[in-house]
Amino acid sequence: MIRCVGITDENTIEKDIAIQDITQNKYKWFWVDFDKPTDEEINHLSNTFEFHPLAIEDCIQKLQRPKLDYYEDHTFYVAHSVREQEREIMRDELNFFVNENFIVTFHRTEAKEITHVWEKLHAGRNTDMWDTFYVFYQILDKIVDNYFPLIYKLEDELDLIENNTQDRSMNDLMSELFDIRNMLLNLRHSVNPMRDLLYRMLNSHHLVEIKNRREYFSDIYDHLLKLAEMVMSNREVTADIRDSYLSLNSHQTNNVMKVLTIITSIFAPLTLIAGIYGMNFENMPELTWKYGYFFSIILMIVIAFTMFLWFKRKGWFK
Amino acid sequence: MIRCVGITDENTIEKDIAIQDITQNKYKWFWVDFDKPTDEEINHLSNTFEFHPLAIEDCIQKLQRPKLDYYEDHTFYVAHSVREQEREIMRDELNFFVNENFIVTFHRTEAKEITHVWEKLHAGRNTDMWDTFYVFYQILDKIVDNYFPLIYKLEDELDLIENNTQDRSMNDLMSELFDIRNMLLNLRHSVNPMRDLLYRMLNSHHLVEIKNRREYFSDIYDHLLKLAEMVMSNREVTADIRDSYLSLNSHQTNNVMKVLTIITSIFAPLTLIAGIYGMNFENMPELTWKYGYFFSIILMIVIAFTMFLWFKRKGWFK
Amino acid sequence: MIRCVGITDENTIEKDIAIQDITQNKYKWFWVDFDKPTDEEINHLSNTFEFHPLAIEDCIQKLQRPKLDYYEDHTFYVAHSVREQEREIMRDELNFFVNENFIVTFHRTEAKEITHVWEKLHAGRNTDMWDTFYVFYQILDKIVDNYFPLIYKLEDELDLIENNTQDRSMNDLMSELFDIRNMLLNLRHSVNPMRDLLYRMLNSHHLVEIKNRREYFSDIYDHLLKLAEMVMSNREVTADIRDSYLSLNSHQTNNVMKVLTIITSIFAPLTLIAGIYGMNFENMPELTWKYGYFFSIILMIVIAFTMFLWFKRKGWFK
Amino acid sequence: MIRCVGITDENTIEKDIAIQDITQNKYKWFWVDFDKPTDEEINHLSNTFEFHPLAIEDCIQKLQRPKLDYYEDHTFYVAHSVREQEREIMRDELNFFVNENFIVTFHRTEAKEITHVWEKLHAGRNTDMWDTFYVFYQILDKIVDNYFPLIYKLEDELDLIENNTQDRSMNDLMSELFDIRNMLLNLRHSVNPMRDLLYRMLNSHHLVEIKNRREYFSDIYDHLLKLAEMVMSNREVTADIRDSYLSLNSHQTNNVMKVLTIITSIFAPLTLIAGIYGMNFENMPELTWKYGYFFSIILMIVIAFTMFLWFKRKGWFK
Amino acid sequence: MIRCVGITDENTIEKDIAIQDITQNKYKWFWVDFDKPTDEEINHLSNTFEFHPLAIEDCIQKLQRPKLDYYEDHTFYVAHSVREQEREIMRDELNFFVNENFIVTFHRTEAKEITHVWEKLHAGRNTDMWDTFYVFYQILDKIVDNYFPLIYKLEDELDLIENNTQDRSMNDLMSELFDIRNMLLNLRHSVNPMRDLLYRMLNSHHLVEIKNRREYFSDIYDHLLKLAEMVMSNREVTADIRDSYLSLNSHQTNNVMKVLTIITSIFAPLTLIAGIYGMNFENMPELTWKYGYFFSIILMIVIAFTMFLWFKRKGWFK
């Protein structure tokens, strides 16, 4: 679907314009949104707008990195929006062709951020405040705001993993930890290039229009800086949790081993003694002694107690 | 609560001024403190002071990163103070709007650093020395000074963990180590951006007033550099402690296993021999021998001694 | 084999020219391809073209790093193409001598990327669009496009390893993980210097011709940035998988140990009791009791049950 | 103690001058050393020299990071000297106020480096060669030279740990490794900021006097670069040693486990057989067979041999 | 030994000149080589050449880092050559004093690279092509070329370790891996500063003579870049191998434990039953049953089979 809106020099909104009728002279500025376009609709990029083939290729190809390219009379931007789907971070690409006269947005998947801003513009309040860069700012701001719930959710899951270990199996916890690490890694692939893109936008000498709205785009950059730090530090927390588990496991194995060794060490000699006096040799003098049985039991107790003391002195009962 | 203080051109302090009476012309400079303000009081930011909506949004939203933003006639700063609460580092945000005529401080949580400086100013000594940037310096200095006790406390806890391992369970130690790592990570999230903020303040071409007080803000920057190093190196120490424990555990498991294996290896054949001569076959010649019992005991001793020598030669008793 | 093609000032293609007939004056530009050249053919580099001995040495020697060198009237480039062969990343070196009049390509192994572009040029469409830098761009673009299938394949293998652990032996999985890590390391050795090479090409003050085609070479640079990120993050995923396995293994060992210890702890005392009442002392009063056998069995059940409760209370059955 | 020395315009040394008599006009240059000063003596910093309160605070406070601060007519430096005390790196702070006319050194702990240079100056050779920056260079050079023996000692200890493992307990070795890592970490806290300080000194536009003696201060910088590398690489060696131990331990545990499992697997069935034929059932036909005993022994041997072959085929004896 | 050679303005070589006869005016340029000089010969550095004391100190002291220092009429360089000796990387220091008129080489250990170039010069071909910087280039090129065989050897050893694990003991492999890591660490200490030295040489504004021979010194820089990457990535491979071993070991321990636990779990109850019916109570009804023995054996088989099924269902036989 292609949808077009134009703002006249008198700041009135002309809605539902046909793509063919959009000409650069008629409107103060206009916005064309390619929303999951068909192949035929995509052709307008080259025919109607005559954008550069490489920019069009970036639109069509799957998941280009966030970036900006300068072309003669406009700038081309690639941004990523993110969403979670079945424990995977899905990244959707949004493309923008922006100059003072037009903003062309292109996305092959649904983009609720663009629809949100589209409707806000059509609501028709303060139309004079709007221009192409304000539309662009609003969409980017919305995109970046939508990163936060995802990472807050991952943080909450990490807190759960960290705290109620006892309720779930180790297998589950490790598998979830691995998934969270993976999702953080995927988030990083959008957050870091988006941060670098905003940095370039704020510091480029070519983008005068963005410099004039510096405080707005700076606000988005702040959020991306914070996101980048959150992603990085949550990855460190996942590693810390895993290492703690590993240490505790190794320590528990040690303790279990000690119990086993103590049990074995105490019972092995006693069982041997019982075995010896259970032998059927004809000539075994002890067997005929009156207190033979009594002495054998005493011997067992002495041995068990000695072993116990020995392990105690080695500090195995701590 | 909003509290206001103004300093006249004659350096006298006018206390408890109403927010409505603060005008930029009447005082040499003034300080307005928004101390846990109500929603109604917050409106003064936009109505009375006409600050930029994005700066106001930063004040209201939870926990913005430390940063500075240039606005036309003032600069906006975000800083973090820290405190420990139930083994978590709590970070409180403090916002500052500063120029030569005014300093507006805004904080939604209690800020003892601001109260400290507020009272110092009201004490009325050397009032001529004070101006808005000196107030700002004093608060920042106090904030950063308050980072040190927290990290010194963590260092002391690490020393305790490192030294008297024997008194507490491994579980406790590992859990505490994890908490300390987490707190250091949280500290890093305030210390590093604070450090970068001070660096920008010292090196910005726009902030002439701070350049003129360079030695003061440099002193805070020094402290933040030291804090950043302490946080980083204490995190390395926590990792070292954990890795040492892991190594020692793994070594102890090894030793415990050796004891178990030696015990089992010595007693298994002896017990088998006792078992064999405890069998009830009618035709077992050894049983009728005069020294059968004696020989069987000798055989057991020989086997036990041989096993012992074998393990000794393998170096298992070291 | 040496093959030459020249484009005249009238944009006609002259094919199969002998190396001796290529002179810089006759053609608008020409392309000479040294395709697995013999030692004799290599001599043309110094005799016919009089290239610098160090550049020729780089052509001849095995696997120079990707780079560029400025010479008086041309620039010399080294690039890497990659392919997989028996679970190893093979890197092939391609050398380029480029200026406005000629492009000389040199490769000691087969280079399907060069053949692809060679045939595209010979197809003869839009010959006026082509020049030496367009040839160079096309080959580089093809080379870099060929990196993607390799890394996508490695990503798919990682997904397989991560998911169906149960079907293959740990040995196999670890060995494959190691191979994938190794291949990613080898890819990094081509991707990162290629990325740096493109960065230098785009930012060098000497390379006016590349600046004029900035959008084309930028496109390649984008791809290399993405490749570099993919290589790095896939290496992190391999480490995550290995660490997860390690944690799970250590946890399972712990569980197996607990089963062993419980079994041993329950049966060791029972077996001792049976052994004691199997002793052959003449004077063992219990043996003559009417309910001696019954009591001994009861005693065993009580001991077993007590041990069971003790382990249960220690939480070993969770 | 405060000690003062002045050099006149005729290059004669005036020793043991009282602090009150030091005036900037009387001497070509002078050196005042605050050697573990009393609180009263410290007051001279503000009263006699009128140094900046922040610089004085840095002198008095414990362990400031190495750094330099520019003041109007002099520069203030903080440096660290190091020494080992009971397996801890102790860092002592030395403060310097330097310009062309004076050098004021301040240290709250003993500083043998300063005493060394003090005595060298008082020896009175080549007095014309000396000036305040040469004094400063000599002290810094001495301080940095004293870092080397410490790190060489740690390197030697690491070599010992790496080589004669067999002579000491694992506990000791791991504890010592941990201490060495800790000491290297502490060294890094002095070496790296010292290196950065020297870098700033060499590259600052304000420090003309140091630029004029560039080769001297470069020499110190070289040493600090080497020290920084040695610290870093020795920390890597400690990690390598620990990881090697961990690997070997884990491998040995594996081997010990195999021995235990083989022993248990062979003797468990044999002991069961012996137990079965030791049962007292009235009707056990085998017991009355002539070769029953013989067959039972044969059966045991066959089982033991089969188990042995099975483990051998599994490769457990390698 | 000191050996001198001079080249006259007519490009004739004068060999075996005495050090006293070398004057800067007589020859177009000359080369003096201090080859393992005696203390007396070292004095020529200060007496005959009047080099700076700090440069001379660097010559004399053990193993200075590679670097360059500018002096008034010449530049001073330190380089490292490497060789393996008993599984350790030995680094030898070579010092160069170079300007257009002379090159003075100084080395306290044998330097086959210098001898190689010395003989090449004395062979007398193309003498007009040679000058001091060409000599310097030739020696550096030779030094760096000699790094490659060492690292190729280490790579081959790593391949061996990775592949035929089964032939050597784990102890040996881990010890060799540790040695290789150590050697790579030592190589890095020469390669990285050498790389930085070449970078500085190529980018310094002071070294016009090197800029004029840029392509030659760039060639060495390329090699050092490649070496640095090889060292780094081989260290990563060593870590990968060690981690793989650790994972596999931990997995094998797990498997061995399972075998042990299964054996123990099956035989413990059977042995107990045999023990019970081996007790000598007078009143044990089962003993007198006709099929008591038969039933007891059946019971054992049922128990063994049940245990087997239980472990099978838990997946322990996979």
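Observations, loosely collected:
Each chain carries a letter (A, B, C, D and E) given by its place in the written order, and its residues are counted from 1.
Basically, contacts are C-beta pairs under 8 Å (C-beta built on N, C-alpha and C of every residue); 3 or more make two chains touch, one makes a residue touch a chain.
Please read these numbers as outputs of a predicted model, since none were measured by experiment.
Under the contact definition, subunit B and subunit D share no contacting chain.
One simple way to say how far apart two chains are is to compare their mean CA positions; for subunit B and subunit C this gives 38 Å. Each chain gets a centre from the mean of its Cα atoms; for subunit D and subunit E, those two points are 24 Å apart. Subunit C has residues 246, 250, 253, 257, 260, 264, 271, 275, 278-280, 284 in contact with two or more other chains.
Judged by the touch criterion defined above, the protein chains form a single closed ring in which each chain touches exactly two others. From subunit A, with the walk directed at subunit C, the chains encountered around the ring are A, C, E, D, B. Contacts from subunit D toward subunit B in the complex involve residues 52, 54, 57-58, 64-65, 67, 69, 71, 166, 170-171, 174-175, 177-178, 181-182, 185, 188-189, 193, 242, 245-246, 249-250, 252-253, 256-257, 259-260, 263-264, 267, 270-271, 274-275, 277-280, 284, 286-293, 296-297, 300. On the side of subunit A, the complex with subunit B involves touching residues 162, 215-216, 218-219, 222, 225-226, 229, 233, 236-237, 240-241, 243-244, 246-248, 250-251, 253-254, 257-258, 260-261, 264-265, 268-269, 271-272, 275-276, 278-284, 318.
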